[in-house]
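Heads up, the next two complexes both have subunit A, just with different partners, subunit B and then subunit C.
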Partner chain A sequence: MTDWRSEARLRDDRIAAGRAQADGKVVPATRAVDLLEAVLRPGDRVCLEGDNQKQADCLARALAACDPGKVHDLHMVQSGIVLPEHLDVFETGIARRLDYSYSGPQGGRIARMLYGGQIELGAVHTYLELFARYFVDLTPNVALIAGVSADREGNLYTGPNTEDTPTVVEATAFKNGVVIAQVNAIVDKVPRVDIPGDRIDFVVAADKPFYVEPLFTRDPAAMTETQVLMAMMAIKGIYAEYGIRRLNHGIGFGTAAIELLLPTYGERLGLKGRIATHWALNPHPTLIPAIESGWVQQVHCFGSEVGMDRYIRERPDIFFTGRDGSLRSNRAFCQTAGLYACDLFIGSTLQIDLSGHSSTVTQNRVAGFGGAPNMGSDPHGRRHPSDTWMKAGREAQITGDPMLMRGRKLVVQLVETFGDKLVPTFVERLDAMELAKKTGLELAPVMIYADDVTHIVTEEGIANLLLCRDADEREQAIRGVAGYTEIGRGRDRAKVEDLRARGIVRRPEDLGIEPLDADRALLAAKSIKDLVHWSGGLYEPPAKFRNW
Partner chain B sequence: MAAQMAASTDPQALSWYEATARQRVVALADPGTFTEFLPPTERRMSPHLPLFDLPRAFDDGIVVGRARLDGRPVLVAAQEGRFMGGAFGEVHGAKLIGLLRAALDVRPAAVLILFDTGGVRLQEANAGETAIAEAMRAIAEVRSAGVPVIGLIGGRAGCYGGGGLIAGTCSRLAVSEGGRISVSGPEVIETNRGAEEFDSRDRALVWRTMGGKHRRLIGGADAFAADTVAAFRAAALDLIGRAPAFDLATLEAEQARLEARIARFGDCRDATEIWARLGVNDPDAVPAMTTAAFDETVARVEEAHHDAR
Partner chain C sequence: MESLTFRHTTAKPLAGTVPSTITGVVASGNLEVLLERVLPPDTCEVAIETPIAGYGPVWEAVVADFVARAQPGGIRISINDGGARPDTVSLRLLQGARLMEA
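The block that comes next holds the complex of A and B.
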């Protein structure tokens, strides 16, 4: 007779073993290691929650402190490799195999460990891709997650940083897995139930509040006039021309400058209400002036941002909030929104090659993908039209009956021709290819593929790749905005001038923009303090961003 | 666009922190009265930087000249914090010292120094250190001759290293919230003493310890200006009017003031403790205070007002 309940029985065993360390569902931080050693089995697939923002850090420390004799050969399936403990477990043998998505701050160390063979790598994913695999072939046996508070029944309040939690719990709890949540506080009644208690098996009272990285805060004081110029070009040459209302921004200074130019430069161009009204975006502090001056109708968020909670509470018409008043974010839904419901993604990158492939990988760092490729790709599953999407589709010269045409999502790369330390952004060959060769990856880690990119904006101009009709035109269009890099100097001047005549390459003057007008005075806020003033004192920036 | 550009040079609107050295000087002085000595067209550049393959500035990062302030003649020097952090090199220092020595002949109503510096330029450290010492001596001579020397501090680079020493010899100092005054910078302290002693990335701590509000509260600066050129102009005029004599009595009073300060606050671990001892009701509220509210607080603090220096 077939046994249809072996997983369920194993789950019951794990929970029974864990209960010995708990008072009901509640476990003190001091017993967290014992709990994990009781629940985990060698070879388990484990999701240790952490992404580019919040971290289940108390549970990460506990996992790293487990006895490798008892807990070993785990298969980690988690979106972020961010804390040192996330990699320590591979050094001690607690973990062996890894499938992940983002590794910003640990990018250097993960590269060394991949070269050294200490990590058996499955694949580097985009967020949605990894979440999808949680439900198909990477379902966790045990999930270690983070929330703000829980009651003794396990009802969980994630707080504004809900992020990945619902997705991870859904995949684990409903497929015979065990869910362990660390919380900042055990309370009698949670402010709102983000995850019902019957999906949470254990609640660990953390020794300190979980860590959140303020990754989406850009200090206006550090914005340069070059970034102001590029933002002016993007607003006038792309946002206005395509009438972009639904969009997502990357986290760079360039896109933050666009946010700060909406109430000034955008206002002067008469664009209010016509562009940038609906967003899939984290609560960027630099969006405050646009919100306050009535540009923004609504914003759905992947996560929250440190210091923005009070402001969000007071702006429920703009943000998604719970009955308790605080933000409800959700990474999976917001990524889906960015992929299917936005007409534009604009972001920065470290390297672009001659066909337009881009990557944030350098030879010694594997930063992973996060969500940019989800937002920065043309979704073939999209069916609803919009003026923006249709105009871009027509520019791409879709042939055949117009009733059968597909539109195009705008995917814009906003880059200075030279990046940090004057390293050229435009290259013959991506470092990602070298890295793939050295680490034996089948695919080079490309952030955004060439066939998804529609425009490249640099301080020299805008290249519209939709209008390019062959690979040579595309290469010259890219060279034509690559400035004084080797790639830029290698342009065929006559061809670039021809592309300019056809509107494929456009200079600031072609857009009616005088570069000398690109002044920091145009920024609606010139400092973090200005943002605080715009927010009426509701934005509370973390200490590292204050100069008062 | 034209209106916007014009607006950004309006002294009422122009942010001191944002402005370049030349914008500050031009907007600070009576309109049209600033004449620059050794302007960029003279190409008096650093002889040392090419040895390090580093770019030079035509003015070596400092603007010096004469102007009128409320009709009265003044000499002005303004450091450009965006060029090598406003650091002192040989030419940079010589321009300041030359200006100070000229004051002995010209006898202006005041010399204004618009500090924006991280200290001495490492690539020309000997010349830079010498310049600091010579500038301090020159200021002593100018002040002895009865000409007040007023320091204005509110730039991005702050006033650090030798700049902090020179500021200490001025007759009076005005500072804005964004301005910082110290000798060792946050990163230097952290490097030498560890992040436990001073976490340079905790910017709130940096400003609490070295920023304009703290310096004003403990009497390290004598006027607090909002971050506009107009506010600094008003502060400069006010300070010229109440600059102390440079005599034995002033120096003895200054010595006594500093001794009393170290005795009273030497054991404090954080600026907020000092503010509490100064009698500020809600020390934690000081950093977020508006200029108006802060002015009221300062008015009630005895140590912020003194005749010494």
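The block that comes next holds the complex of A and C.
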């Protein structure tokens, strides 16, 4: 007889073992290690919730403190490798295999461990791709997640930083897995139910509130004239020309400068209401002046941002909020929104090669992908037209009947030609290729593939790659905006001038922008304190951004 | 510390009559540029003091583009570099030329 319920029985066994450490569903932080040792089995697939913002850090510490004799060879399937404990477990043998997306702060250590063979790497994913695999071939046996509060039934309030939690719980709870949530507080009644209690098996009362990284705060005081110039070019040369209303921004200073230029430079160009009205974006503090000036109609968020909660509560017409008033974010839905419902993604990168492939991997850092390659790609499943999408599609050359054309999503790389310490952004060959070779990866970790990139904006100008008709034109267009890097100085000047005559390469002066007008005075806010003023005192910046 | 000097012939003198000006600051990633109207009207000289050696060809290219664009005849330019990126150098040079034309 076929046994159709073996997973369910195993799940019941795990829960029964865990109950011995719990009072109902509730487990004190001091018993967290015992709980994990009771529930986990060698070789389990485990999602330890590490998003790019909030961290199930109490459970991460507990997992790292487990006895490797009892808990070992786990297969970690989690979006963020952010805390030291996320990698400690690979050193002790508690974990062996890893599938993940993002490893910002641990990028250097993960690279060393990959080279040293301490981690058996499955693949580096985009968020949406990893979430998809949770439902197909990487379904967790056990999920360790983080919430703000829970009642004794396990009803969970995830608060403004809901992020990945609903997705992780959905995949685990409905496929015979066990869900353990750490919460900052056990309460009689949660402010709103983000995850119903019957999907949560155990609630650990954490020893301290979960950690959240303020990843999306950019201090206007650090913005340079060059970034202001590039923001002017992007607004006038791309946002205005394509009439971009639905968009996503990366997290760099360049895009933050665009946000701060909307109510000043954008206003002067008469673009209010015509561009940048609907966003898939975290609540960037630098978007406050545009919101307050009436530019923004609505914003859906992947997560929240430290210090923005009060402001968001007072602007429910703009943000998605619960009946309790606080932000409801959801990374999977927002990534989907960024993929299918936005006409533009614009972000920065560390290296771009001569065809336009880009990567944030350098030889000693593997930062992972996060969401950029998802939002920074042209979705072939899209069917609804928009003027922006159709215009870009026409520029990419229509062949055959126009009724059968696809539009194109605009994918813009906004980069300064030199990065920190005069490291050139433009290169012959991506470091990602060397890393792939050294670590035996089949694919080089490319952030955005060349065939998805439509424009490159640098301080020297805009290259429109949609209009390039062959590989040589493409290379010269890229060289033509690569400034004084070796790639830039290696340009064929005559060919670049020809591309300029055809509008494929455009200089600031071709756009009617005088580089000397690129002044910090154009920034709607010049400091974090200005942002607080714009918000009417509702934005409460974290201590590290307070210098007054 | 590396010292570099570039001399160029220009088609015309820089407009305006301002005898000298200074722009920028010596700070990390920035630079200070002193411009003086002391040379023959078809000559421009740019003297650079930079803490980062090995960028001669980049400086040469930045200065050549600036001269072609601004035609700063008659101007001696002294740069105190703080490790600025080429685009910042370019911007400061153009800012300096504009101040001299005022």
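Worth pointing out:
Everything that follows uses one rule, which is that the second predicted complex is superposed on the first by the 548 of 548 C-alpha atoms of A that agree within 3 Å, B and C clash if a C-alpha of one lies under 4 Å from a C-alpha of the other, contacts with A are read in each partner's own complex, and residues count from 1 in each chain.
Everything that follows uses one rule, which is that a contact is a pair of C-beta atoms (placed from the backbone, for glycine too) under 8 Å apart; a residue touches a chain by one contact, two chains touch by 3 or more.
Values in this document were obtained by computation on a predicted structure and should not be read as measured data.
Overlay on subunit A: subunit B and subunit C clash in the combined arrangement. When both complexes are overlaid on chain A, the residue A:R546 reaches subunit B alone and has no touch with subunit C.
Within the superposed three-chain model, A:E460 lies in touch with subunit C and out of touch with subunit B [touch as defined at top]. After overlaying the two complexes on the shared chain, residue contacts for A:R382 are found with neither subunit B nor subunit C.
Looking at the shared chain after the overlay, A:A521 reaches subunit B, while subunit C stays out of its contact range. Once the two complexes are overlaid on the shared chain, A:T417 sits against subunit C while remaining clear of subunit B. Judged by the document's definition of touching, no subunit A residue lies at the interface with subunit B and also at the interface with subunit C.
Partner subunit B is touched in their complex by these residues of subunit A: 221, 268, 514, 517, 519-522, 526-527, 532, 537, 543-548.
The residues of subunit B lying in touch with subunit A in their complex are 1, 4-5, 7-8, 15, 17-18, 156, 177-178, 201-207, 211, 213, 287-288. Remark: subunit C residues 52, 55, 57-58, 61-62, 83, 85-88, 91, 94-95, 98 touch subunit A in the complex. Across the complex, subunit A meets subunit C through its residues 224-226, 229, 416-418, 422, 459-460, 483-484, 489, 515-516, 518.
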